[in-house]
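The chains carry the letters A, B, C, D, E and F, assigned in the order they are written, with residues numbered from 1 in each.
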Amino acid sequence: MPYVNIRITREGATAEQKAALIKGATQLLVDVLGKNPATTVVVIDEVETDNWGIGGESITVRRQQGK
Amino acid sequence: MPYVNIRITREGATAEQKAALIKGATQLLVDVLGKNPATTVVVIDEVETDNWGIGGESITVRRQQGK
Amino acid sequence: MPYVNIRITREGATAEQKAALIKGATQLLVDVLGKNPATTVVVIDEVETDNWGIGGESITVRRQQGK
Amino acid sequence: MPYVNIRITREGATAEQKAALIKGATQLLVDVLGKNPATTVVVIDEVETDNWGIGGESITVRRQQGK
Amino acid sequence: MPYVNIRITREGATAEQKAALIKGATQLLVDVLGKNPATTVVVIDEVETDNWGIGGESITVRRQQGK
Amino acid sequence: MPYVNIRITREGATAEQKAALIKGATQLLVDVLGKNPATTVVVIDEVETDNWGIGGESITVRRQQGK
């Protein structure tokens, strides 16, 4: 019954990529801890680049600077 | 001063239904723990069905399969 | 398949009270949105009073001041 | 390497204001705990006023009542 | 710069198992989305079985019933 | 009515330091967005170093390597 929350910036992840994250995170919990996949929940949050900061700057600004 | 975060898939919950979740969750904390409703916060997150997985599959896929 | 996270201060909630929160929050999602209780997850976080603030002060300090 | 999540209602915060939150929260962790800003992450979630409740009512309703 | 939060019940996960979750979740973000592992954060929360509910019951009660 | 969640590793933050985080984060929301401090909630989570990873490694391991 684990709950996994994956937070990424909203930069065009496809439905196929998100399905791969869900499948992979679920399998990780099965492999490492023997958890039941049927009750393992994975939720992906996509966050605007203005709303995500690292190093005191937003990702929007960092992308403009080529970081 | 509790904080309650309710995460559901985005599938058409109405403003009335969301008001009922806010009212009900607040009352639950009052009834069970005697918390002060004036400082009880409830936040509802609605998540795209592509972004929510259970059993290793997205809800989008499960809905298509009639699960 | 909703996920509900209830965050409260750690001030002696009993196993019975926590069971009542789990039961009540699950029932709320059934009643308001017709969700399936079998896949509804409720997680309660108990937080030290030094680690919870409102109005710019910790709950520890507010309790000492009789607030 | 701290992670700071700031949740506010979606009521028109500008990119400049969000940049100020990111900068300010990062600096706070540097000033108080000596954390490394390069690995300090700040994520801002903007939540619809229908989806945020306090005192058992949504912010939408409270705004209409002039609260 | 993704942030992954893995929430599990506190039932004896070892440091080695937790290291495997950290390594595996980080690699998943690299493989699926090409994210930079150096700024990928993984946080594991271990939650008491009294504080985790599914199907309206705590995990403590479900374990006693052999579920 | 903002909600701020600050997550740090558990490495001896004092009650005074945590009070400073609460005061500073609350003031930041007042200064940048004009929020009401009386309903601004700050919650600090302290996480074991085995349970926090960056770059695919736990903080426990990174501390041992002098990172």
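Everything that follows uses one rule, which is that a residue touches a chain if its C-beta (ideal position, glycine included) is under 8 Å from a C-beta of that chain, and two chains touch if they have at least 3 such contacts.
The structure displayed is predicted, hence computed values, not measured ones.
Contacts with subunit A and subunit D are shared by B, E. Centroid distances from subunit F, each centroid being the mean of CA atoms, peak for B.
The greatest centre-to-centre distance from subunit D, using averaged C-alpha positions, is reached by E. Here the CA centre of subunit B is 21 Å from the CA centre of subunit E. Averaged C-alpha coordinates put the centre of subunit B at 25 Å from the centre of subunit F.
Shown for subunit E are the residues in touch with two or more other chains, namely 1, 3, 7, 25, 39, 41, 43, 45, 52, 54. By the document's touch criterion, interfaces exist between A-B, A-C, A-D, A-E, B-C, B-D, B-F, C-E, C-F, D-E, D-F, E-F.
Contact residues on subunit C toward subunit A in their complex (touch as defined above): 1, 3, 39, 41, 43.
If you check the complex, the residues on subunit B that touch subunit C are 1-9, 13, 17, 20-21, 24-25, 28-29, 31-33, 35, 39, 52, 54, 59.
On subunit F, the positions that touch subunit C within their shared complex are 15, 18-19, 22-23, 25-27, 37-46. Listed in rising order, the residues of subunit F touching subunit E in the complex are 7, 45, 47, 50-58, 60-61.
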